[in-house]
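Scrolling down, you'll hit the structures one after another.
The same chain A turns up in both complexes below, where it pairs with chain B and then with chain C.
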Partner chain A sequence: MSGDGTLEHLRRDGRIVVVGASLAGLRAAETMREKGFAGSLTMIGDEPYEPYDRPPLSKQVLLGKATAEHTALPRRREIDAEWRLGVPATGLDMAARRVRLGNGDEVEYDRLLIATGVRARPWPNEEEGALGGVFVLRTRDDGAALERALSAGPRRVLVIGAGFTGSEIASACRERGLPVTVAERGAAPLVGALGGVIGEVAAGMHRENGVDLRTGVMVTGLEGDPSGRVRAAHLSDGETIEADVVVVSLGAQRNTEWLSGSGLGAGPRGIACDAGCRAFDVRGIVTDDIFVAGDVARSPHALFGYQFLSLEHWGNAVAQAETAAHNMLSESVDRLPHLWVPGFWSSQFGVNIKSVGVPPMGTEIMITQGSRDERRFAAVYGYQGRVIAAVTFDNCRWLPFYQRQIETGAPFPVPFETVDRRPEGHKPMSADFPDPSVPTHGPTITLSGYSPADRKMTFIPAHH
Partner chain B sequence: MRLVVDLNRCQGYAQCAFLAPDVFTMHGEESLLYDPEALDEHREDVARAVAACPVGAILVEAATSDARAARTARVPVSGGAW
Partner chain C sequence: MSQAILREIIDYAHRADPYPLYEELRKTPVSHEGDGPYVISTYYEIQSLLHDPRISSDARNLKRTGDDPLGQGAEEETALPPSFLRLDPPDHDRLRRMTNRPFGPPHSPHKVHDMLGELDGIVTGLIDRIAATGSFGHVDLVDQFAYPFPVSVICRLLGVPPEDEPRFHVWAEAIAASLDPDPDADPSERGKNSADARMELGMYLAGLIEERRRNPGDDMLSQLANADGPDGSMTTMEALSTSALLLIAGHETTVNLITNGMLTLLRHPDVLARLREDPALSVPIVEELLRFEPPVQLIPHRTTLADIEVAGVSIPKGASLWLILASGNRDPKRFPDPDRFDPDREDIQHLGLGSGIHSCFGAPLARQEAQLALSELARRLENPRLLQDPPPYRQNAVLRGPRHLPIACDGVRP
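Coming up: the complex of A and B.
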């Protein structure tokens, strides 16, 4: 491309289209302008709002310390874009380089960024899910509606699924003095994301704060009253929970349906892209004009055996957007890999939970600092003899140290002595992750695709 | 005034909560809660918090682009020039 000045032309008067006008879309657009992109920029988003921040929706907003309507993201700079908000993209013509919109319009592009994220997985029974008082929490509107319902002083809230979002919702309910039941099919809250050793700590936090926590159960049905409002939920153990607010917190589904039939490698697990954020087509060939970032992407990571990672993490959306934007405007030799080390935070029951790396890859765990009983500790996950992840409860200042351990492939069990190491931390234990299909909640990190070991098996020709 | 804190980066040092208590509050020992759209009267406090944060985790939108961003959002959302 360098010889014919195409890239120069793109940077000067090319057309860049971003589908998905949220965190990743906005940060990518800002980065493109920062890097001198002077052409036209179109932001397409199906929500009628300019980009806003989601993490406050299950925290500040439900605690009544901020309102859902006032969560718009601050801009890093002007992006001088044409905003097409409140209208979804409904199709993609890769050959003609065109995005089709729900209102029949078509938008042509030279480079396309897809950042359509995920949505809340709905309650599987549509009729029950439509009952008054049944909520999910993903959008600004969801947050405003749930906050209103909590303000009305329900008799009992039922949260289905004890992942990060479900646990944060339960925590907010307790702070507001509302009776809350949490139903989770796994053995403990957060087991999908952090494993059983840490899940046990989370369960203790729920119970100590007065949550009626039910684990190892499924909600089999929701029951409405004659006016169409939810009244009760039935559990697989035969019990009935009377609740007038039910929050369905079953994890997320990728927003990729609009790409079906387009020829892009998009499906229920997300959109596969290379380490440079370029999307694969269905043939497994990487495209050169379509890029992906944020929750909808899944991309291979060198630190984690080149497995494809899907990360529903705020920091990943920002970092991947920046890398995608850079690569969209660069010659291939100047492109950068998205090598962000996964990182996450959650705030629940007054405890700050943070992690780095990929905990669900861990087979063993060591409590390297503090103690679980005090709810103040750091723990390290090991995989095949190296440190693969770490989690802290109210101990986040140590996290950068553990991040370096992960980046440098430090050995596990950790040979070093740490500050405040207790007897319980001297021996690795099984990290105790359940089969991923068991927990009600989504794990927020999903591994998929082939590891190099698989690849070797696939590619050795059979007749040799 | 819009703001966001990169809570991956935040280490709970609480300088912000000390300097702009109407906008930032600690929740428990090291969790930070903040108002993502703070009142303009707290602008100076917030600027001090931004400057004092030891890890540079607080992003505040510049005063001028505030108004412009709000205007952009009101652009008609369908059936444009394309």
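Coming up: the complex of A and C.
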């Protein structure tokens, strides 16, 4: 389509449809308009709300310091879009270039951006999950409902799963003075995302703040009272926890079911796309008109051995959306790769946790600054002799340095002296990640796949 | 002669407009002569060094072979122990956290905002006083406004009696002057002046701190002297060096931000006119000022803890670094058309307040003071104009700003 005026026509009169009206969808739409896209823009979202920000839902909202209704994302500019909110996309006809909606409508596109994100993984037992007092936390409505339940002063809150969201919920409960039990299948909180060496620090934070932390246990069942409200949970070690609020925080599921049978390379692990955000079809051939961004995408990253990374990170959603939007309106030679270095933050128990790179790839770890005992430190993850990731607890101002180390493939173990190096920081330890075949609450980064040039590349067929 | 570059940087002849010199410097992002310090002048290199944990702010890590005209500064610390400005983690972090507790978020998130009314009262009073003189043909914006304003603010914040100002004004000047690298001055003489000033300031503050320990008020001096948070309490010497740091920083930096600001606005009357109509424009104006004419031009006190490479140059362990913030702020690789004063820039991550763990502690207060000062001056002065351009500058190359800013106006609006 180069040089034949097609692109010019698209930019002037084309029809672009964005499925998923959250952070990635909004930022992509804004970027398209900023780059001069003058055609029609349709935003489709299954929630009835205009795009809102999710990080506050597990922080300020649960503390009652902000309301879920006031989390609307700030707009960078007008996008002049047709909004189809409160109606989910239910199907895709790639040949006819049509998106089917839940109300039977069909929307035609010249370029499609899929940013349908993820949803909270529900409690596996549907009946137990439907008990009053059982919550998940992903959406604005979830946040508002959980906040109401917490303000009602429950006798005890049980959080199932000590990933980032679960830990933040537990932190908010303690800040509100509520008794809380956290049940985690792994050996420590955050162990899937940051490994056991850091997980141990997180466990200390939970316990010191009065969380009843149970690790190495599973919740085997939830029990309701005659009125249909949850009253207790049974653990795999035989114990029973009496709780009137239960928050299921077992990670996320990717919203790809609507693409089932469409021929797009979509499945439980997300939608595979190339570094330019173009979706693969089931044959492993890249499409020209369908792009993916945000939590639902998984794409190869040159810095990390071309592994396909799915990143449930706020910053990734923004960066990938901007790249996708640019590429949707560009000739192939002008397209940009999505080369964002993974990074996320969390705030829990008064500690600011920030990370760059891909910690779960790390086999070893060094505490290069500060000390774990003080919960103020910077730690570096090593993989095959190079720096692959870093994490800081209340030390985030050093992180740009470590990001540069990752970007430049700096050697590991870290050979140089740093300010505030403690005796414990002079030699590497095993990063102590759990066996990935043992499911925990689902790390925020999943690694899968091979180089796009690898002919053995396979995709999981879409079955749910 | 091993230090032509350093001599150039501190040469008073460049004070009014050091930027052509910086442009020359940027041709060599890392300059080094003889055994002097390594001078870093480009944006990305400065930015990354400010976040580099192999760089120390603690003078005790400096390898003393160098011929660094600022090196002697470290020895002047004998009268007072180093403030957190000249410490590394964990000591820096602990003292800064404790100092921040009564000043900023998360423990005192409204402190600076809540001072707005008080700041407004001081600004109004100073401009009213200019109005009351009735002599609009010659107003010195430094002596009559830009100096007394931040000094009143820091005194009230700390709880230092304003009537003592003339005494510590002298000490603050002497200590600030010791930051000024003058290789031709007699170092022992300079060191002695500064050490004497530190000693006197220390004794003065020690008396106040002792008094606040007995009768605490709601000022920061009381809060520092009686701290009992999770980090414990400050020793008397720590409370002394911390309050001395705040007092001097409050004296010697914001005055230049405000003065440089008015000077720049008077050179750009279109922007001044816009500000008069729209006080909210003071926010982007102050950010652009921090890029365009930063009050702290360079950071002279950093030391390498390891051999490092910067822009292809190997710098050995124990070397002294000078980071020329004001040059990085004019780096065309970072800011398009960098020599243009343009408050409408959207991408303005300047180095004017530093970056990393030592980034300006008082930044939120300095921003609020400068925004208020400039919008009020713009609103109230009728037809202000420069009487002397460039105005006479202070000697100091690090804390750079006009000594006087003579202007005339037609009157003062109520």
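Going forward, the second predicted complex is superposed on the first by the 446 of 464 C-alpha atoms of A that agree within 3 Å, B and C clash if a C-alpha of one lies under 4 Å from a C-alpha of the other, contacts with A are read in each partner's own complex, and residues count from 1 in each chain.
The rule we apply is simple: a residue touches a chain if its C-beta (ideal position, glycine included) is under 8 Å from a C-beta of that chain, and two chains touch if they have at least 3 such contacts.
Remember, it's a predicted structure, so these values are computed and weren't measured experimentally.
Contacts of A:K59 after superposition: chain B is touched, whereas chain C is not reached. Of the two partner chains placed by the overlay, neither chain B nor chain C lies in contact with A:R148. Comparing chain B with chain C, more residues of chain A are touched by B. Contacts of A:G370 after superposition: chain C is touched, whereas chain B is not reached. Of the two partner chains, chain B is the only one touched by A:L85; chain C is not. Once the two complexes are overlaid on the shared chain, A:E417 sits against chain C while remaining clear of chain B. Residue contacts after overlaying the shared chain place A:R397 against chain B and chain C alike.
Touching of chain A by both chain B and chain C, each in its own complex, is seen for residues 350, 376, 397. Considering their complex, residues 350, 368-370, 374, 376, 378, 397-401, 404, 416-420 of chain A touch chain C.
Listed in rising order, the residues of chain B touching chain A in the complex are 2-4, 6-8, 10-12, 25, 27-37, 59-62, 65, 68-69, 72-73, 75, 77-80, 82. Those residues of chain A that touch chain B in the complex are listed here as 48-50, 53, 55-56, 59-60, 63, 65-66, 70-78, 81-87, 101, 103, 105-107, 314-315, 318, 343-345, 347, 349-352, 354, 376, 394, 396-397. The touching residues of chain C, counted against chain A in their complex, run 47-48, 51-56, 88-90, 93, 106, 305-308, 317, 356-357, 359.
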